[in-house]
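Take a look at the structures listed below.
Paired with subunit B in one complex and with subunit C in the other, subunit A is shared by the two complexes that follow.
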Partner chain A sequence: MSNLIALLASGLAVGAIAALAAVGFLLIYKATGVVNFAQGDLITLGAYIAIWLTQKDGAFGIGALGLVPGYIVTILIMFLIGVGLERVAYAPLRGRSIHVIVITTLGAALVLRAFIGLWQGTTPRYLDSPVRGDVLKIAGANISYQRVLVIIVSAIVVVATILLFQFTQFGRQLRATAADRDTAKLCGVPVNWLSMLAFGLSAALAGLAGILLGPLGSIDLTLGFNFMILGFAAAVLGGFGSIGGVVVGGLAIGLVQYVFGGYVLRDYNAIFPFVLMILVIALRPQGLFARGSALRRL
Partner chain B sequence: MSTPRTTLDKPRATSPAAISPDGSGDERSRPPAMRGQPYLWLLVFLLGIALFRQYGVSGFGDTDLVNTWLFYCVIVVGFYLVFGVSGQFAFSQAVFAAVGAYTSAWATRIALFGVDSFWMGVLVAIVVTAIVAAAFAFLMRRASHFYFAIATLGLSEIILEVLRKWTAFSGASGDTTAGIRHISLFGYPLDNPYRIFWVWFGALALVLLLTIFLARSPVQREAIATRDHDMVASTLGVPILRSRITMFVLGSTIAGVGGAIFAHSKGFATPDSFGIDLGLGIFVMLILGGIDSRWGPIVGAAFYVFVPQWLQGGVLGIPGVDFTVNAFGQEHRLGDFRDLFFGALLVIVMIAFPEGLVGIGRRLRSLVLGRAHPARRTWLSDFLGLTPKRPRAAADGTYGRETATAPRPVKAGAGDGTEGHPASFPVLEADDIRVQFGGVRAVDGASLSVREHEILGLVGPNGSGKTTFLNALSGVIPASGSLRVRGSPVQLGRAGRVRPLGIVRTYQSPQTYEHLTCIEDVMLSTADRTLTGITPACLARPAVVRRDRGRCEAAAQALDRVGLIRLAGEPTARLSYGQRRLLELARAINAQPDILLLDEPSAGLDSSETEELIAHLRRLQDDGVSILLVDHKLDFITSLCDRVAVLELGQLVAVGPAGTVFEDHRVVDAYLGVDEEAASRA
Partner chain C sequence: MRLRRSWSTLLSVGVLASVVAATGSSAAGTSKTPTVKIILLAETTGESSAAVPYYDNGAKMAAEELGSKVEYTRIPAPLPPAGAENAFQQARDQNPNAIIGFPASSQGIAVSDSIKSSGIPFFTLSSGEQLAKNGPNGAKNLFLIRPIDTLSFTAQAQYAVDTLKKKKIGLECVDNATGVNGCAAAKKALQGKKGVNIVAERMNSTTATDLTEQATAMKGTDAILDFNFPNPLGVMSNQLVDNDINVPHVDGASAGIIAAGGVVKNKAATNLKGTDDCVPTADKRSKVKKWVSDYQSKYGSPPIYSAAQAYDMVKLIAAAAKKAGSVNPAKLNTAIASISYDGICASYKTDDLNVLQHTANIVKFDSQGKESVAKPLSFPPGANPGVVTETTTTTAAPAPSSSG
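So, the complex of A and B:
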């Protein structure tokens, strides 16, 4: 029983981060139709910026910011980086096909990763957390507070994103821009600002994911890329496009990895999310839950 | 850097996208892909690197670097087949190298079949890689480009994780599998970089030879057709699933062989050396080198391997740039910026010169030789929407002036016994065809039969479902109902099912292949599908070449018949709109159809061109072909068609001779709208 609860908590936490990563790139996908392959490396970058801001040998010799202020500054910096990415790697290519932008984001991913490698070196680093070391005991299972924090924050962010998309003027404008940029522009939607904002928010979410993910283990250059692929899996399971679907997809991969993988072929539990994803693509490309295909243009 | 330079002089004719426009009809029996001297260039290249190995390289270090280059060459040539020729977005090339490496290491370690030689290991590696790749490609057969890409990323994660964990297979202690048996040849150990070089040399020679074989056979042509427009290829009779899976398996297996040689030459392997970094690197090498040429991988890999080394302080005896840059408080040599540099370069190449370094070489050569510039485009740049707009003007205004000579017989239908009763026997019977798009019933229970030797016109107002009806009959969209061709039922919703029954179609906007020449485009539709696979392409060269020459001659006749023979060797991208319509017609004629489905054949043609079209269609009818055509021009329809069918809102409202049908009040109402008042009074 305690084992099952611990596995459930791990599964939920991984699923939550996958969902968070997926929400990050779905935000851009829904606003611009682009799948940003640099999202994973933005997650990595977020984790490293947080380290840089909060550790003693970090930024500009100021010394450490407090953990929570450091996190907040990280998210702000990531927002600006996202806006910058939009200006450099997306805005000049607007009007080109989606695929050229996708390959460009691959290039951006390479550049980001190489930059982090030059900046922080390639040895694994560790990020501190306000709840480090604390564990929650439920029915004999020890669950680290970090995992609980991950689950709660992800839930809040996902709900906020859904509300943002469905019930605000900003969300309507984003969806209109994604559906038809030119028509949206003619209707007075400030499309340039919107796409900058979408990239900024998406990068901020990536930064948040990096901050939440960081304290769970060590941080290296491939951290974010691996989670981005998990995010892809979550998005595919959810039918690629619906944010609600991503949550269910994220939970599905988290649970299949830890709960199913906790009992069957335990050593190989990391492959189950991808096996599930490949099966879904092969058998139900519209996603596990959707009726029609939500995958447009790609 | 003398080696890559020879590769820049590659013969242009090896790449269909860049064939020089010399097809003036005098070389009718030689498909454009069979011109040029690729074997000669391959020999020159191999001789070049052999001499280079002998006299240009000193020291194990440099030889090792050359070997790394050759390793990349091999796996990127494999990727050229998967991505360049077949257009499949795969990130899995690196991981298939891992599969090959570990399988071979395992097979030699446990001495499978009682043999522990590398050569047995590599054979097992080939079989295992091919099985894994084929299973994956089959599972992904319906995936879109983007989903395919994501799935290959997932596959990479799965395989690398399995290799990390399954130590019984990998034989690893920690991360590293050590003690992998060195390669030996007839008892002679190839255990240092100088000797390993020859293994790579042989592997690359074989792989490049394979690409030449594929280019000089129907395989590459059909892969390109599948890549650029799979639905059209399918209706022309190209087996698109086979083409995709074959190319994916072939390219991945080449990676497996490369991986096996790599592991055995190093003596050890780690999963991470085949990780996503190599996966992305393979992408960079191919796009950088040139995506539409077999020499692209060679040049791209050379750039990828040698330039950073040169920036690091010299390579192969060439003194390099050697200074350090202070970044983030550390001294960095320029080579440390490698990935930064390649990431940026990937973007720049994609945007500024999609044809890569090989393409730049081609342009320089044509500049020096004073020839016309080859087209600055690849299938990828078209796909990505980066190619400038096509010039609309005809490359040669003389089409149609050279009217065809005596009529050549087209195959006279399978129903030779029915000659006694022309225009009575139905060859195609469509019953209760329904097509639904969401809530819209585009075709709503239409039934229609086409009789032997007749030309049946299908008309109707815009949006009445005419094109959708043709799409349903040719299987390119899902539809319900029943379809019989000469009495035998055909499954709907599957493109490619009707072509073997002799049904060929054209499209509303002409669908020609911009990266093939006219003659190759026409050859695609051939009814002769013998010896089109890769096995004969590799093992039965003379027979394949003979067959393809036959197809080329037949295609030239079809081109001659529509008056396009002078443009046979031109890329179809140079044709005007009207010429592309004629090319489609030639393609249909070359297919020796029994039933022809034409979608607005007269659209965009002027009156004299329409006259010619009518003459062509009459001749086809005389040859025994039954024709169903959709069109808007009523005078064209009336002057050509034996019967006319009228479609309105997805339903058939009238069928019969043109005169009576156009008198029918329902038809008049369909076109002109109903006079509500008159209707209510009546």
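So, the complex of A and C:
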């Protein structure tokens, strides 16, 4: 029983990070129709910026910020980086083939990774956390508080994002743009601003994912890439439609990898999220929670 | 008249050319040590996610100290075999006298035929037992700087059982050659050990970020042998502590890397042991202390074993060229095979398998991750556990002896 609880906690925590990555994908997809493959490296960048701000001499040698202020500043910086990314990797290509833009986001990912390598090196690093080393004991299972924190913070952020989508002007405009960009533009929706905001928010979410993920292990240049792949699978499972759908997709991915994979073919559990994705696409091409084909949307 | 002038001009040019040639050859003839052209095949920071600066830093530092005796160049060598082969051919085009390179055994194995046919002395930075002279990918001109990796893996297992007196062993293996060969070497070393049992065995991917199942499976062990990459090792170390499994956790070179990065602290650090070919920062010899200080002031961070080894190899090649009195590859190969060189990381002496270094250390860490030597190891020259392939069997796995 204790083993099952420990695996459930792991599955939920990994699923929560995958869901954050998937929501980041979805935001940009809705605003621009583009799948941003730099999302994974933005997660990595967020973790490294948090290290830079909170450790040793801190940024520019001005001294380390406290952990929570450092995290907040990281998320703000990531928002600005997202806006910058939109300006250099999306805005100049608006109107070009979607394939060109997707390849450009891949190029941006490689540039980001090389930049981080030059800036911070390649030695694995550690991001501290206010709950480092603390463990919650439930029915004989030891669950690190960091995992609990990941689940709680992700849940709050997802709910906030759903509220943002449903009950704000930004959300309504975003949904209108997703439905028909040209008509939305004719109706006065500032689609260019929307795409900048979407890139900014998506990068901020990636930064948050990096901050939550970092203290669970160690940080190197490949940290975010794996979660981008999981996030992409989550978004496909959810049908690239509703936030709720991609969140369920993310959780399904975490649970199938760690709970199912904890008992069956446990040495190869990394394949299960993708087996699930292939099965869902085969049986329900539009994804679990969307109308129309997820594949066609991509 | 005109013809005579042309002849005299030609004659003058000929005489002048002869004088210049004679002066040049005389200058070359009077030079005691010919300039050795050395190429490093390794990536450095920024060139890939796996690249580290240590090899280039160490080799460059030695080349600068040697001045005109050495001409040093670096060519990035990507991990995929095709990229490694391409880098090797680029190097060969530059007619080097010696090449140092390939941090991954897979690179050396993939390019071994080209290395062999080139005849150029090649110092590999990795130590897969296939690359030993009598192995399937070995060659007369292929030298292993480091002890054969399966010797180190065997030493890890023997340390847990013979030194720490542990009986219930857990095995954790990353799902690539490091993990597969490491666990195979450990099983071979533990075979026949009275009362010793492998009570849990698990595998993980190089990109694993959650090892809850693997960590909880280690409950009931009294030592864990881990053959892993740095990132999953960091995850495992911390998750073992989260699950109240505080037993010796013995890994290889990844342990020092994660400890230096602050990934493990407190119990996760003190439980962890590793193996390093040398620990320059913990070495008390005055020449090593000075070297560490020079390295740190030059590059801003302390050196690890790989920087020391790259530094040593450049110096060793220069010494071999001096001994041979030539930079001809064949003569250099002969000189390297018989030279003894006392370097920063070790005292090097080529054995029958073309392995240069025969020492290593089991290392431990304090609660802040600071590394120190737990047990020095020495390996008998010519020893090869023969874990990976039957063609490489020479002697049985040797018991590492304490040298200090």
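As a convention for this text, the second predicted complex is superposed on the first by the 287 of 298 C-alpha atoms of A that agree within 3 Å, B and C clash if a C-alpha of one lies under 4 Å from a C-alpha of the other, contacts with A are read in each partner's own complex, and residues count from 1 in each chain.
Everything that follows uses one rule, which is that a contact is a pair of C-beta atoms (placed from the backbone, for glycine too) under 8 Å apart; a residue touches a chain by one contact, two chains touch by 3 or more.
Quantities reported herein were computed from a predicted structural model and do not represent experimental measurements.
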Touched partner set for A:S218, first subunit B, second subunit C, both or neither
second
Considering only touches as defined above, state whether A:D267 meets subunit B (first), subunit C (second), both or neither.
both
Using the superposition on chain A described above, determine whether A:A108 touches subunit B (first), subunit C (second), both, or neither.
first
Please work out whether A:N226 is in contact with subunit B alone, subunit C alone, both, or neither, and reply first, second, both or neither.
both
Quick check on the superposed pair: does A:N3 touch subunit B, subunit C, both, or neither? Answer first, second, both or neither.
second
Is A:V14 touching anything from subunit B or subunit C once the two structures are fitted on A? First, second, both or neither.
second
Look at A:Q169 in the shared chain and tell me whether it touches subunit B only, subunit C only, both, or neither; answer first, second, both or neither.
neither
Touch test for A:G117: subunit B only (first), subunit C only (second), both, or neither?
both
Quick one: classify A:A282 as touching subunit B (first), subunit C (second), both or neither.
first
State which residues of subunit A lie in both footprints, the one left by subunit B and the one left by subunit C.
113-114, 117-118, 222, 226, 267, 270
Residues of subunit A touching subunit C in the complex
2-3, 6-7, 9-10, 13-14, 113-114, 117-118, 121-126, 133, 135, 142-144, 213, 216-218, 220-223, 226-227, 258, 261-262, 266-267, 269-270
Within the complex, subunit B is touched by subunit A residues 35, 89, 93, 96-97, 99-100, 102-104, 106-115, 117-119, 222, 225-226, 229, 232-233, 236, 267-268, 270-271, 274-275, 277-278, 281-282, 285, 295, 298
Of subunit B, residues touching subunit A in the complex:
136, 139-140, 142-147, 150-151, 153-155, 157-158, 161-162, 165, 275-276, 280, 283-284, 287, 327-328, 330, 332, 336-340, 342-347, 350-351, 383-386
In their shared complex, subunit A is touched by residues of subunit C numbered 45-53, 175, 202-205, 207-210, 212-213, 216, 230-232, 234-235, 238-239, 241-244, 257-258, 260-263, 265-266
